[in-house]
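The same subunit A turns up in both complexes below, where it pairs with subunit B and then with subunit C.
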Partner chain A sequence: MKLKTLITATALGLIMAGPVMAIDVKIGVLNDRSGVYADLSGEGSVIAAQMAIEDFGAAEKGINVEIVSADHQNKPDVASTIARQWYDQDGVDAIFDVPTSSAALAVHEITREKDKIFINSGAAASEITGTQCSPNTVHWTYDTWALANGTGSAMVQTGADTWYFLTADYAFGHALERDTMAVVEAMGGEVLGTVRHPFPGQDFSSFLLQAQASGAKVIGLANAGGDTVNAIKQAAEFGITQGGQALAGLLIFITDVDALGLQTAQGLVLTESFYWDLNDETREWSARFQERRNAKPTMVQAGVYAGVLHYLKAIEATQSTDADTVMAEMKATPTSDPLFGEGEVRADGRKVHDMYLFRVKSPEESTGEWDYYELVATIPADSAFRPLADGGCELVQ
Partner chain B sequence: MFELLGIAPQALFGQLLLGLINGSFYAMLSLGLAVIFGLLNIINFAHGAQYMAGAFVAWMLLTYLGIPYWGALVLSPLLVGAAGIVIERLMIARLYHLDHLYGLLLTFGLALIIQGLFRNSYGISGLPYTIPTEFQGGQNLGFMFLPNYRAWVVVASVIVCFGTWFMIEKTRLGAYLRAATENPTMVGAFGINVPRLITLTYGFGVALAAFAGVLAAPIYSVNPNMGADLIIVVFAVVVIGGMGSILGAILTGFGLGLIEGLTKVFYPEGSAVVIFVIMAIVLMVKPAGLFGRTA
Partner chain C sequence: MTDQTLERTGTATGERSMGMPRHHLVIFAGLLMFFLVAPFFLYPVFLMKVLCFALFACAFNLLLGYGGLLSFGHAAYFGGAAYVSAHAAKAWGVTPELSVLLGTGSAALLGLVIGLLAIRRQGIYFAMVTLAFAQMVFFFALQAPFTGGEDGIQAVPRNMLFGIFDIAQDRVFYFFVLAIVFGGLLILYRIIHSPFGQVLKAIRENEPRSISLGYQVNRYKLAVFVMSAALAGTAGATKALVFQLASLTDVHWTMSGEVVLMALIGGMHTVFGPIVGAAVIVTMQNYFAGFGAWVTVLQGTIFVIAVLLFREGVLGVIGRWLKKPM
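Then we have the complex of A and B:
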């Protein structure tokens, strides 16, 4: 079916393009298709990329887009092997998504080496546009700095000024812990300790008990996906929130809230760059997404959609797939899409847009399926992300 | 108050208790593996998937049929065990005369298929399963807050482990089983239906995995990978205890839970590998495992 659509689309494109030469583009969606991050990225991201190609009308504009996808199993070595094969042998022009920061950093380096384009949506480490920034990478959806700035400062403002971190022991966890620590300390708070758990984890009770013993007002969960779900579930079991300590889920996706159930998740404060129920445009797109995926989109999947859209616009404008040309165009043109609104891609590769602080509704407040968030605050684009000068990126010096 | 390596004794007791709780899962799962390996000579790699299936069936019973936790604790092992019996009859029974490796490959393949099917239908994020109301809340022990449910897990696990050990080592049925493993032809000659005995044993081993799965459902997220994450550790436990040794599996399960618990306090980063380090050391010193018989 997919193949048929693709062939028809290609044929249509060829006919309609007429005298203009058709451009062939191959994009790769590389993410977790079987592990802890499969629901928040996975096949949903591939669907989002397909929707972007259709909504853009690539075929009518003489651009033949082919999508390939693969499972990196959250392992940097697997991600590297696939990225190399895609670039060297399969003629892939750009890679999208790549959750798991350690895997994303590997793809980031290979993309620089091969001079291709990497538009990251799934990974969070803020190094991607900081000390390790690359002229070949755009970091689209969110990053650890933005999460720390959103959830971290919101918590400290409520008076929760002593923190203990429960951190996933890999690049992402470390980055999220570091960025949140910086926010907490800058606002006059204190970090009482950290414990690093293996990724992925299963039983967090031991670490939670250590956090409980620290007496910190907030336990910051610097992990994601299934790890966060299990940690929150077990924190409730061990009476941690009843004991007066608050949990700060520094990265929580809507799929995690769905897995926890509102009964357990209610009251959590979280930062996201996208929620399906923000406005008419997000609702319309999300409804179409849900028809294909049977779930509402996460911000990662929304980011893949918007990223593919912006990439294709740049190809249309430049009539080229050359990485340097397309990247220059993507940075020169403001972004505009139904999911993230207006924004821009900065010189360091950071895509900026508004971020949102949400609170998870209680079961009574929720009016139906997937009605999970209440908007607490909008963090405007100019203050949602790390200032250009602070990242230590060599591209801006 | 004295401190041990910078950890207050209260915290240490808490961590030991948690280790014991995790150890109960290791013990129950490795027990099932040991029973199956000891009596059938099959390395049951599908054990993790069967544990996961146990948790999922509990969730399905609750969601689709409204059958609560206690019903699931009985029904889910029966259903999953019955599925195990079907698998044994249709597939595994054909491999008894072949090398261990074939059984391992078959069950490994089965595990991947079962996980894939669940992943396809239910996604990976997990499904919520709440703690039964009887066990909500917990006790303040002074040195830690012990959730009632976790206490129940330890109790249930000890009962099941002891019961299984007793049945196999001390009853007539167990004697038949052990005899059938030693010399199936001879036992068959005494009028005992050996193939049926073996089939039921496999079903029982699988039911143990499912039972552990139901116990795990309220505390871990019910997701298709929950068994895959655990099974490798459990295999290490069985190897350390000695392949096929029932008592070895139980004692090492609890013991390694404790050691892992302590590692989480003193060197959390190493808690994922400590069991494998111990396995390597044990294999060097006692290749047959701590409680294993040398062949």
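Then we have the complex of A and C:
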């Protein structure tokens, strides 16, 4: 009996102490590396993923991680071909990033079909964790609902309660306008009017003058990319923010602000889930990122970092790369990382964390390079994202 | 034109079998052999993409290379058909062959309407009119309730072929695509080498002279416009089922530009050239995706080299060396 116990104990000890079987993991970073989103995702996201692997210490923990990356050129069919090929032929276990909603939804569907893992950071479409939700996808960084809600509710709370919308005339613009309008009205604000501009738009002067004449305290820009940038530039020419009206960008990134320059973008209000200058931890990580990339990270790149970190933790805990096992672990364990703090992955795949409302500083207020934002409000995690029950996700029922 | 004299010598030597010059038969057989074996070595989805774009480029080239009409709006037929086929498969649950037929039909109809107006103008004005109409189709795809805006129609199911065969597997579906594309290519080949095709070439070379010979030039132009649109639609409808999505990329004007590039690189006065052009462009998009921004730079460089060094395109040059029209 004693001998038996001894042998068992020794055997167990040997198993514990002995070299753990190495796990091979292959992750793909699929994003725009040549087009309009190359700055906010692109090579920076690959660097972020690489940093996550190093910070996690994957090699010491017996996990061999290999990264592959590709340019989807913002085309859903290119994204779809690459994703299929990665899963079918190259043995990729998980895909990260994928900006551009149409490309993201394509990868989302293929990941479901092939039963792998997709951790989206770059795309905005809230359908990913709503009506089209999938047991294989985590939506990490932000979505249209969170942006609309953040900017809408936080601004009304700060007293900016009359709104006028400048909306891109297509499905995405309409959705953004509808979501923000609902939030503004629910918070007791008032929408004085909306104007639809063609997509893509060049000349916003007449729309901006209408918005200016409405006397609304906030002009909400329910558009994206080049349209937002053009609208902000032209608003600066009309002196709209200097005239006391606030300009609220509903989908805008720090790289856009960097491109516009503070002179043009000053006074703009926007919601993001990450800013490099939030606390010591984000500053430390961003400084290391900047050494490699020569720019501060965007929230999308930060999301890739945090997503890879959480994914690797789940692999370490389960000692498996099986999609269902890893996903169950990712949803069961609260997330914790230096960039987004504490959070969780909900049943519908939505990752929740705090969101922040920022105002772009004026050139005089800015103390140096990349010192762009002033924190206006923090939207706590429990109210920052669409409530679980409202998304229409079948995984929740 | 050199290719015409070559064609005449080609037919004069009498090396014909099954109604085509022997070397064309060899090329067709070689292509078929290659594509029958290829899915066992290469990735089937990639091959299906090459096939769809090959048909698209050949359909476009029927208009450019043989009709002498540079359309800058072929994305409208390609993408329009993709949307129709995707919607039919997803919302109505129709079988794949019916999806493709519906897509083809809608593209033909669209081609008829646009063609009726566009063929009244020539050269740059013709190109601008087709581009303008294509932009209208793009706008429609962006706004219409069933197209899903910028997200496109996603998760299109691959229904049972003829209601019986399961084609969810990429390998199986590949042969369905191969059959459609080869059918399309044979139709194109037949059109080009028919008396109708001869008249087209005559109109391309000298329109006033064709009119003086008594040909109703506009009817020929319209007919070839519709045929080209319809086959471009077949390619688009098939592509929507391959990728299980239809999106704004398919109707965007850059798609119209890409197909011009394919036809020019492959050789616009050749039957098989656009297939080569499509293969080159799609391969670059696919396998060089890892190089990021360099893909577009590389595409541009290849295009510049093609224009400077071999304007007849890859197969045009090879055809001149072999003294046989491709």
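Note that in this section the second predicted complex is superposed on the first by the 298 of 397 C-alpha atoms of A that agree within 3 Å, B and C clash if a C-alpha of one lies under 4 Å from a C-alpha of the other, contacts with A are read in each partner's own complex, and residues count from 1 in each chain.
The rule we apply is simple: a contact is a pair of C-beta atoms (placed from the backbone, for glycine too) under 8 Å apart; a residue touches a chain by one contact, two chains touch by 3 or more.
What you are looking at is a predicted structure, and each value in this text was computed from that prediction instead of being measured.
Engineer: Looking at A:361 after the superposition, I want to know if it touches subunit B, subunit C, both of them or none. Which is it: first, second, both, neither?
Structural biologist: A:361: touches no partner chain.
Engineer: With both complexes overlaid on chain A, does A:207 touch subunit B (first), subunit C (second), both or neither?
Structural biologist: first
Engineer: With both complexes overlaid on chain A, does A:170 touch subunit B (first), subunit C (second), both or neither?
Structural biologist: Touch partner of A:170: subunit C, not subunit B.
Engineer: Touching A:261 in the superposition: subunit B (first), subunit C (second), both, neither?
Structural biologist: Only subunit B is touched by A:261; subunit C is not.
Engineer: Mind working out whether A:68 is in touch with subunit B, subunit C, both or neither, as first, second, both or neither?
Structural biologist: Once the two structures are laid over each other on A, A:68 reaches subunit C alone.
Engineer: Just checking: does A:101 make contact with subunit B only, subunit C only, both, or neither of them? Give me first, second, both or neither.
Structural biologist: Touch partner of A:101: subunit C, not subunit B.
Engineer: On the A-aligned overlay, A:139 touches which partner chain: subunit B = first, subunit C = second, or both, or neither?
Structural biologist: Touch status of A:139: no partner.
Engineer: With the two structures laid over each other on chain A, which partner does A:78 touch: subunit B (first), subunit C (second), both, or neither?
Structural biologist: It touches subunit C, and subunit B stays clear.
Engineer: Touch test for A:350: subunit B only (first), subunit C only (second), both, or neither?
Structural biologist: A:350 contacts neither subunit B nor subunit C.
Engineer: Following superposition on chain A, which residues of subunit A contact subunit B and also contact subunit C?
Structural biologist: In subunit A, residues 34, 38, 42, 169 are touched by subunit B and also by subunit C.
Engineer: Within the complex, which stretch of subunit B touches subunit A?
Structural biologist: By the definition above, subunit B touches subunit A via 8, 11, 14-15, 18-19, 21-22, 119, 123-128, 130-131, 137-138, 144-145, 147, 149-150, 219-221, 223, 225-226, 229-230, 261, 264-265, 268-269, 271-272.
Engineer: If we count contacts the way the header does, which residues on subunit C are in touch with subunit A in the complex?
Structural biologist: Where subunit C meets subunit A, its residues are 43, 45-46, 49, 142-143, 148-152, 154-155, 170, 239, 243-245, 247-250, 285-286, 289-296.
Engineer: For the complex, which residues does subunit A have touching subunit B?
Structural biologist: For this pair, the touching residues of subunit A are 34-40, 42, 169, 195-198, 200, 202-203, 205-207, 209-210, 212-213, 225-226, 229-230, 233-234, 237-239, 243, 255-256, 258-261, 263-264, 295.
Engineer: So in the complex, which bits of subunit A are touching subunit C?
Structural biologist: 33-34, 38, 42-43, 68-73, 75-78, 80-82, 84-85, 88-89, 101-102, 105-106, 108-109, 125, 127, 132, 169-172, 199
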